[in-house]
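So, here come the structures, one by one.
Here come two complexes built around subunit A, the first alongside subunit B, the second alongside subunit C.
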Partner chain A sequence: MTRIILNGREVEADPKQPLIHACHTHDSDVPMYCYHPGLTPVGSCRICQVEVKIGEMPPRVVVACRTPVTEGMIVNTEAPGAHDARRQCLEFLLKNHPLDCPICDKAGECDLQDYSFNEGQGEGRSVEPRRQLEKRKSLGDVIVLDQERCILCSRCVRFFEDVTKKPQLTVAGLGSRSTIETFMDRPLEGNYQGNLADVCPVGALTLKKFRFQARVWNLKKSFSTCGECSRGCSITVEVLRSAEVKRVRPRYNPEVNDWWMCDTGRFAFPAWNDTERLSGSATHAGASIAPKPSADPTAALDEIAAMTRVASAETIAIVASPWITVEEGALVKSIADAFGAQATFVSPPANDLKDDLLHTGDPCPNRRGLEELGFVAQTADEVATLLGGSEAGILIGERVGSLIGAERLAAVPSTSRIAVLDTELALFPAACVSIGVPTSAERTGTWVNVDGKRGRISAAKPAPTGVTALTHTLEAILARVARVGVDG
Partner chain B sequence: MVIVKRKELSLRERLYLPEVVRALSFTFRALFKRKITRQYPEEGLPVTEVTRGQPRLTLLEDGENLACVSCGLCEAACPAYAITIDGQETDRFIEREPERFEIDMLRCILCGFCEEACPKDAIFMSDELELADFTREALIYDIDKLKRPKAALQKRIDYFYKVNDRWRKPSSTS
Partner chain C sequence: MSYPTYLLDRTGLEDSHTLDVYRAAGGYTALKTILSGGHSPAQVIDMVKDSGLRGRGGAGFPTGLKWSFMPDPSKDPRERYLAVNADESEPGTCKDRILMQEDPHGLIEGILIACYAMRVRTAYVYVRGEFRLPYDRVAAAIEEARAAGLIGEKIMGSAFSCDIWMHKGAGAYICGEETGLMESLEGKRGHPRPKPPFPAGAGLWGQPTTVNNVETLFNAPFIVNRGADWYKSMGTAKSPGNVLVGISGHVEKPGVYEVPLGTSAKEILEDFAGGIWKGRKLKAWYPGGSSTGLLPASMIDLAMDHDSLKEAGSMLGTGAMVMLDDTACAVESMAVISRFYDHESCGQCSQCREGTQWLHQIFERIEAGDGRMEDIDLLSSLAHGMAPGKTICALADAAAIPTHAIVKHFRVELEEHVRLGGCPMKRTSERETVGAMGTRA
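== the complex of A and B ==
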């Protein structure tokens, strides 16, 4: 650690990081546009200028993102010279920046807006008209570029160079005619385009799926973990009016995903907004017409206890979804132990989304957690065989039905009675009992990722009426089957 | 505990009739005074451009599209949480327009913050004051009920600019 003097205070700075990192870790809010901690600093925006005095040299104004920390350097972030330099930089950046804040999706979380607001420089002195460029330039399926708003910080260019290692964007043109372009106007490719909207410090690169969907200050943010692969990236789930997930963004986690996440995980959220789902509970008892779900699960829970009571211990199948949390998994394991059955989970085959950055190709977010609990992974075919040979089966967790597959479920003979705890029922024609469960945006718990790192998932929005926490349902089942064990 | 002593009545008051006559004289005198009541539903309230009635959305000069770009500032400024806005994309130059703009008139306290917050001169306090309906749902006004041609709000717009010019700096943004 290097010791520097920052605004009259002696602080310790990491010599591997640029000076701006030390400023930020010690509560000195030096603004930044082109600097991003995950990207190579280039110092192109010049907004992070601070005054630095090294040894006997007179103080100089330098950019904090390109200055290494050296022992004993004296940094003054609020020196008049540095502040004026930043102010003039800002004026030049705003010279051609359109006054789009009322329609801009970035408004509210925009670095340029925040810093202009802090500076209070509400008037431009320029009399020339602003640059007129393309405002709706589509860059592939994910991103739309507004060239007028762009301040040419080149974070997006460096994102492709540094993170995905496949450069796709470049700064084209010279001087005031510079714009961000793709090579040969080709649309962007790859599974990491969504990150461009996060790295862009202004509203130039925005997500097509989030375009004009909500104002960011209306979004309630909750910390969670992505469930689209076994990497378990830390995410922030943003919900509008406690009802609809509008956006999912990566959250900085140096042990798992740094600042990034893949588009597969980023755009998986529409499933959480599905209103056509299983809510409440019902006992079907062989009825061909699905009964009306009830908000009171007692009858359904009693039915599960009854159907497991008549079945012999070795013919009870407990099949979980790899989306259940460790906490829920422990309860499922206890239920299985109460029967003397083997707890299993459905293990779908690896998909072809694997890459060398984040996506592992394994779609199960909690595979490791369940395996550590003693669950046995089984393929969909093995699960279908298991269910076919069992007298009673309990399928637990969201997506368990779709993982096994509609055809395999339809082929399960009617001699095996199946209880379903899932978010959808259409896949289970033979279900005897159905109980709706919350999705991973409505639950709280822990997933263990492929490297053994724990990821917390938290309830971002309330579950629909009639859907109780899966842990509550499992506890109720456990209480009943444990009683059965004592009685029998 | 407070002991209230009953007022001793004078002889004149105890005689009762003189007091009745005195009271009636007030009544009859009022017959010849200037009327201060109003036959309300037939005779409307006096409204000027200062009147802060219910908020209304202005239409652009084309009379078709709203001036609103659904930026959500009025929604954020509203102290009564009466406004709900959902935006959508449009092919017009401005790119963004409201898909849903609802003001819950039961919640609206007619404070005028929305008018002050609006950067696009899209919402103004009209001179419409009456608010009655048979259901609560009918009093949640949507775009169709809120939109007004600019001419209908022009007096208020002019007044708003006149009073705000006192602190508004000349804008250099184009």
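== the complex of A and C ==
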């Protein structure tokens, strides 16, 4: 570590990182546009100017993103010369900026707004006409480019060069006629396009799916973990008015996903907004009787206790979804143990989304966590066979029904009696109990990713009325089946 | 006015661009002296250091010192390069063109001496794309020299091997900036690179590289042949040697002339260029290309060397003097120049990309009669925001310096434009045009 004096305080700086990294590490909010900790620094926007004094040389104003730290370097981020240089730089950046913040999706989380607020000048001095360029240029299915808002920081260009290693964007044209373009005007490709909207420090690159959807300051943000593959990228789930998930964004986690996430995970959230849900529970005591949904789960829980009481240990199937958390899994395991049954989870086949960056191709976010608890992975066919040969079964967790498949479930003979804890009402002949469960945007708990890293999921929004925490439901079932064990 | 000359001496000979004529005039003797054991690489660098030769590309950096920045090959065995900056594109400048066109072997010998001194095996000559004849002449000279065993393996039977390759630019001013030139040579956009790292540590393809101007290298054989003391006997103590000045604009005899550094601008204007044309008076002049800023006629007594011009708040630059007569408009001249920088800014740095456009818009507006009094201070303020040292390369400085200069020296004329709501001079279309910067031919 290198010791530097930052605003009068002696601090340690990583010698492999530029000065701006040390500033940010030690709570000095030096502005940045072209600099991004995950991308090669190019030193082109010139906003991160700070005053530096090395040895006996007179102090100089330099760009912090391209300045290496040296032992004993004295850094003053608040020097008048540095403030002045940043103010001037901002004036140039705003000269051609359309200032259409009222209709800009980035407003509220825009670096151009924030740094202008912090150290821009109160009045513009330009009377020249602003540059008129394309306001809504489609760059493919995910991203739309507003060339007028662009400040040409080139983060988007470097994202593809440095992160996906497949360059797709470039700065075309010279000087004040520069614009961001795709090669040969081709649409962007790949599963990581959404990250462009995150790396863009202004409102130039926005998500088509988030365009004009919400003012960002109205979004409540919760830290969570993506459940679309076993990588378990750290994410922020953003919810409007405690009801609708509007956006999912990656959250920095150097052990898992750095600053990035794939589009599969980013755009999986509409399922969380599905209102066609089973709220409450239903018992239908055999396929012939129509389900009777009820907000009170007592009858459904009692029915589960009743139907499992008639069964012997070898003929009870306990099948979980790989989306259940470690905490929920422990309860499921206890239930299985109460019967002396093997806890299993449905393991869907690997998909073709695997890549070299993040996506593992394994859709199970908590495979490792469940295996560590002693669960056995089974294919949908194996689960169907297991259910067919069982007197009773309990299917637990979101998506469990769809992972096994409607056709396989329909084929389970009605001599089996199956309870389903899922987000939908179970409508196959063997189903006799359905209990609604929360989605992973409505629960709190832990998943263990492919590398053994624990990822926390947290409730970003409340579950619908009548849907209680899955752990509560499992505890209630455990209490009943454990009592059976004692009584029986 | 009488003084020793050497730079242009051979250009008057018939077929001066051929190897035979060059050899007959004593060419390649400096290389022969070196390769036959006369001087070690370190001795050549010391000799050039001692001569006081300063770069002729604009910045005036001591050449020997620059060469000595190349790492010691015994400690750093990486491949290393010399890039020859022949992208002469500073407005008003055409000195390297003459050398390449009329005396290409002089350049080649200079390149070989520099390569020997810095232990470089590969040199690239980056030629401005518009220079067709100079390109062809240097290319032909390289072939001649290669056939004569002067380029390639074991030159003149010595252990020294060196090859020279040509590359044509595509017309961007920014590719004359040394790191922009390297990017362009690598086949990329000519975007200047932030320093550090400096080219001597990580230049072309990340390897140690030195970039030298054509005229700079052209001096090397003469220094080797005639010695540092001879070189120091010309010019001034801090800027020794002769320099090529290209004088253009409203003069009787525009051209490229060889003068000792420190010669007064007035002498060059009157003795060489025949004075201001049509019996008119000098109004203003650029001492060394558009980036050096417009100076008033009262400063024509200035000595043309690095330090005198720096003291006067200007620069020697490329020694490209552009003269404006008393019918020219200083504001229009700046409108043209600022348009050039707006057009040529690479666009990486915010201040330069937006600032050059802004300056251009303001100068155009004032010239067109839509100026405001506050625009004049705004020009200074913007130029202060752009430079010095606020951007990756010096293009922003090159736009800011002439802006400061016109506000300093021609404020009255700017104010007059604003007050009158237009240009008090005759419109360009009504004036004779010569294609220089004073007009929009």
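In the analysis below, the second predicted complex is superposed on the first by the 476 of 488 C-alpha atoms of A that agree within 3 Å, B and C clash if a C-alpha of one lies under 4 Å from a C-alpha of the other, contacts with A are read in each partner's own complex, and residues count from 1 in each chain.
The definition used in the following text is that contacts are C-beta pairs under 8 Å (C-beta built on N, C-alpha and C of every residue); 3 or more make two chains touch, one makes a residue touch a chain.
The model shown is predicted, which means the values in this text are computed figures rather than measured ones.
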| item | value |
| --- | --- |
| Superposed partners subunit B and subunit C on subunit A - clash or fit | fit |
| Which of subunit B and subunit C A:G122 touches, first, second, both or neither | first |
| Which superposed partner A:W217 touches (first subunit B, second subunit C, both, neither) | first |
| Subunit B versus subunit C as contact partner of A:R130, first or second or both or neither | first |
| Residue contacts on subunit A - larger count, subunit B or subunit C | C |
| First (subunit B), second (subunit C), both or neither touched by A:P349 | neither |
| First, second, both or neither for A:P270, with subunit B first and subunit C second | neither |
| Centroid geometry (CA): angle subunit B/subunit A/subunit C, rounded to a multiple of 10 degrees | 90 |
| Per-pair minimum CA distance [subunit C against subunit B, superposed on A] in Å | 14 |
| Intersection of subunit A interface sets (partners subunit B, subunit C) | 125-126 |
| Residue ranges of subunit B touching subunit A (in the complex, touch as defined) | 69-73, 75-76, 86-89, 94-96, 119-120, 169, 171-174 |
| Contacting residues of subunit A [partner subunit B, same complex] | 99, 101-103, 107, 122-126, 129-130, 135-136, 211-215, 217-218 |
| Complex contacts: residues of subunit A adjacent to subunit C | 42-47, 49, 60-61, 63, 66, 68, 85, 88-89, 91-93, 95-96, 125-128, 151-152, 154, 171, 173-178 |
| List of subunit C residues in touch with subunit A within their complex | 172, 189, 194, 196, 342-358, 361-362, 365, 372, 378, 381, 384-386, 389-392 |
